[in-house]
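First subunit A sits with subunit B, and in the next complex the same chain sits with subunit C.
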Partner chain A sequence: MSGWIVQRWLKLDQNQRFLLLTAPVTLFLILFFVVPLIAILVVSFWRTESYQLIVDWNIDNYIDVLTEPSYRVFLLRSIVTALIVSVTCVALAWPIAYFVIRYGGRYKLLLVLGLAVPFLTGIVLRVIALQGVLGPIGLLNLGLMKIGIEPIQALMYTKTATAVGLIYLYLPFVTTAIYLSLLNFNFRLLDAAKVFGAGNFRAFWEITWPLNWVGTVIGFALTFVPSLASAVTPRFLGGANGTLFGLAMGSQFSATGTWSLGAAMGVVLFFVSGITLFTISRIVNLKRSGFTGVGSRD
Partner chain B sequence: MDFMSSKSANRIVLGAIVVLAYIFLYVPILHITLASFSRDIVWPYPIRFTWNGYLALMKGSIYHEAFLNSTILGLGTAVISTTLATIAVLSILKYRSRYKPLILFLFLAPLFVADVLLGISTLILNGLFLEIPGNLLSAIFANVVRAFTYAMLIIATQLFRYNWKLDDAAMVFGAGPIRTFFEITLPNIWPALLGAFIVTFILSFNNLDISFYTLGAVPTMPSVAWGSLRFGIKPELYAIAALVNAAVLLCLAVMFVLMRSGTVGFGYKEGRDD
Partner chain C sequence: MYLEIKNIGKKFGLFTALSNVDLDIAKNEFVSLLGPSGSGKSTLLRVIAGLEQPTTGSIVIDGEDVTSLPPYQRGIAMVFQDFLLFPHMTVRENLLFPLRMLKMDKRESEERIDWCCGILSLTELKDRYPNQLSGGQQQRVALGRGLVCRPKVLLLDEPLANLDRELRRDMEVEIRSYQIQLGIPFIYVTHNQEEALSMSDKIAVVNKGGIEDFAEKSVVYDKPKTRFVAQFVGRSNIFSGRVSKSAGGPATLHWRGNHLPIGAADGAADGLHASAYVKIENTHIEAMDGTSAEGKIRGKLRDVIFRGQYAEYLVTVGEGEDVVASSIDSSTLVKPGDDVLLSWDPGKVDVFADGAGA
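So, the complex of A and B:
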């Protein structure tokens, strides 16, 4: 067939093969990701005055973001919310994925796809629907009032509501990550552990959990970072006290027109998410998670 | 997570959680479906039945175009980002290179950049420098940047445990690299690719911020939904959402019947699991 291509390929060493294969992807990212982002980085060092971008190199924006108390509050609130949301998502996704893999049998794929279906409705509609169900005169509270219980106020326009909304949005990503990780997990290892006398909990904690750590961390990251930057959900569900960092940043580009401040906020967000995830990934012990090693040579 | 003593007790406890999760996810869908049939869409309970929403939808509305655009956006992004991500993950996990840390950082970086920034930066690139108006293709590319990292991480979840010696064995028996990929690697990793495809499709189908800035006036489902919030919710929106859900659930029902009768396996083989 294309014998000469294969011959040329086999003559390349590992380094060259790597570069050759990743070249199209790298090119794409540089074109559509790096170049635009440099523009944003540059803008963050400029100034905006009455909706005009003025080329005046300064770091005022960064000083604003890092010292102004309201932005600090937003950032802290966002980090805490994102952490709670991610941990809850992981805690919920694990039993779901485990059930589907263990007891799903031939319907595994179906159960996982079924979880993903609600997402085709779109974030805006689902948040509206969530309001309709959990809101002050929504389905849940109407039902409670019929029975004679007080309606639950905490479900609307509070930080709890934002957290619930975010969990609602990102649950399928974590579930998919853990599902895929468990798919190749060898459950006979658990039987072996039981033979050697481990109890149920110990078997889980020392065998299942570490070997699927990578899937868990990836699922956590896929929830944490977007939650940190989320803007739509807190806008609808958060109420007056629920402003999150992502929302404040978004309004810099739409409402107030201060693009350079928004750009600076974005850069700060980049580093905050990066540092948090880097710290978490340091805890992962690759060998313990069953990593088969890089490359096909020993 | 086999915490209970007996397997059936364990199944019941875990199954309860799954059922609750399903209810949690589907209740708003139910609300939307009921509301699409109701005369009063804001507070539809108790329901007064009407077909108005669907009739208005049939007459043609902006929602048709929005849905079409969103689907094209979603499919384009899913295909491109899954392909790129597969190449990326395979290269990263298979080969050693001194450039790997740098390239890996580049691949992971889009995750940490907020949607708003991606949209705005592409807008600057398109508007100020290239001077092209908002179009679907640039929106697809902008979404691919975001979706690529998601797809890469999801594929890596399954692929990092892959036994590369299988590929070596295939090469020993004379298969070229491309044949090895299609006949050995792909059949083993297709769940990851499917997962990445679905995730990226959903991500770009629903994406508001990136698409908003790169598309300009071209409507997509999220942007018309957003717009309807400001100008009043129309019943057609609920109707089309209910229809989309119904169509997808129908596909799943067909899959269920096929699986039950054993016609299609989707990778499941009898007796392979416990």
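So, the complex of A and C:
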């Protein structure tokens, strides 16, 4: 039996083998990623009435999403939050990744594995635990009051608290992306830069930064997209005035039962993410990234 | 002197990488730092470049003490073993980099790049990225990047080690010609004695963080200053024994019942043990045909290794020990299995006293 399989396998050419090997993953992605997304797209053009989906093709949901002032505020607030969170994450992750690579020595892997520690528990628990630090009777403010300092209002159920929470959640991803990039970076190139006239800062700016730009951008996208859609973090940390688009979207599927409106919001979110990723891909020039094997040898 | 390296020492923690290194290099000299791996030759180069701070000593380039200056203020350039071209820049941009750092104006920069591309045949490749170039082409760009800013000194760290043999030989000739053209010192680190011998004016033999010998290459080759140099440069047969020396007369070495002529043997004293180094090309082989065997070694030819331009004769003497003689005349009338005699010109023997207990 197995001999028969081996014989058939040997008869296949490269393309056929590739198809066969990728078939299970492709099927999985179609079934659980592409089909649900199409379903969302379809539903967004339907109507919901009293918790019932009604097949009645229209674009009212989109008009609602784009004209209702509160949704516009939520969307804008989400975009701004996601931008701030992603930029901050990149700014924090760079020194961490750089330090681990340059000075981690043989503990490099161990230090990086440390980034995975937060994943030992679930996201809801971690966000709620943050409440215990940032909230009115949280560790931070309680501590400040104990030593006679005013508690920081800005951290109690505010947009700032949400941003802090999101930074905390996504920092490990960005750090890992930049770490992996720096791991493949040849630091001896800096010797060359210095010999040929660059000071420390110039060498970083001319060599290290552009050659790790792709990793940085990947880290940025890994934070931006989920931050944009975040629902759990603003739900527990954002308070009454901190509602984000993702949270509003989530409630369409639960409390209010307006699934088709929620679906339309999802499509809008998908578009914003898509535009962002597209813009990012345009500012990355793979030839300039130092990746080998890009561009033909003519 | 144009480049003065004075009493340089470098320690990494408890490890002494360099100690008491002194070298004076003239403006038009091509100097090779030749030594085994781990000898400290690359560290010395990095100290000259300013990539490592020396623990002691100073570096003076063209009258200016640059010891405390960072690399980019020393007016030096360097060619690295693994090229270290900037992968995100085209050939042109790589060549432009040192000029940009010097804030050279655009027109002059373009002229320099054209000049560089011209002498290195890079004109066609200007707009390619390093990963689109072959090893030899990358080497040219690395060299070009070193030359384009007209440095005061060019440092080369085993630049040919990653190239294949044929390319290496061509590049040796080219590198030497650029050095003559530019009239600046090239300091060339290598562990390959053929490279050092073919290109340099002078060779500094580096061992265990110190300079064993620093002289014209022919002197280093023909009259090695220390036992290490004799061992490392060229290939030698080594004979160890007791020295007999009479005042004014030539010395002899007692070696397995033979009295071998070892010339003046300045390095050895009468009655003490010493080692005689005879280069394989100075070891003559002849058939044993009744001529006097006085001062010669008897042996049996074991094998002949044909090397192209010359042949090596492996001669067994005593118990399974081989002595190698090489000759450009591969038609020498001896065949494996023949009894042969080995001899040499006593003036071409290097004798070093063996240490106590040796």
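Everything that follows uses one rule, which is that the second predicted complex is superposed on the first by the 268 of 298 C-alpha atoms of A that agree within 3 Å, B and C clash if a C-alpha of one lies under 4 Å from a C-alpha of the other, contacts with A are read in each partner's own complex, and residues count from 1 in each chain.
As a working rule, contacts are C-beta pairs under 8 Å (C-beta built on N, C-alpha and C of every residue); 3 or more make two chains touch, one makes a residue touch a chain.
None of the values given here were measured: they were computed from a predicted structure.
For the composite obtained by superposing both complexes on subunit A, the positions of subunit B and subunit C are free of clash and fit together. In the superposition on chain A, contact is made by A:208 with subunit B only, not with subunit C. When the shared chain is aligned, subunit C comes close enough to touch A:189, but subunit B does not.
Of the two partner chains, subunit B is the only one that A:273 touches; subunit C does not reach it. When both complexes are overlaid on chain A, the residue A:263 reaches subunit B alone and has no touch with subunit C.
Contact with subunit B, but none with subunit C, is seen for A:113 once the two complexes are overlaid on the shared chain.
Within the superposed three-chain model, A:29 lies in touch with subunit B and out of touch with subunit C [touch as defined at top].
Overlay on chain A (Cα): least separation between subunit B and subunit C is 10 Å.
When the two complexes are laid over each other on chain A, subunit A has residues 290, 292, 294-296 in contact with both subunit B and subunit C.
Within the complex formed with subunit A, the subunit B residues making contact are 1-5, 11, 14-15, 17-18, 21-22, 24-29, 31-32, 35, 43-45, 84, 87-88, 90-100, 103, 106-107, 109-118, 120-122, 124-125, 141-142, 144-145, 148, 150, 153-154, 156-158, 160-165, 167-168, 176-177, 191-192, 195, 198-199, 202, 205-206, 208-209, 221-222, 225-226, 229, 233, 237-238, 241, 244-245, 248-249, 252, 255-256, 259-260, 262, 265-268, 270, 273-274.
Contacts from subunit A toward subunit B in the complex involve residues 1-2, 6, 9, 14-15, 17-19, 21-22, 24-26, 28-30, 32-37, 39-40, 43, 92, 94-96, 98-100, 102-103, 105-126, 128-130, 132-133, 137, 139, 142, 168, 171-173, 176-177, 179-181, 183-184, 187, 190, 200-201, 203-204, 208, 214-215, 218, 221-222, 225-226, 229, 231-232, 246, 249-250, 253, 259, 262-263, 266, 269-270, 273-274, 277, 290-292, 294-296. For subunit C in complex with subunit A, the touching residues are 49-51, 70-72, 76-78, 80, 82, 84-88, 97-98, 100-102, 129, 131-132, 145, 149. Across the interface of their complex, subunit C is touched by residues 186, 188-189, 191-199, 202, 206-207, 210-211, 287-290, 292-297 of subunit A.
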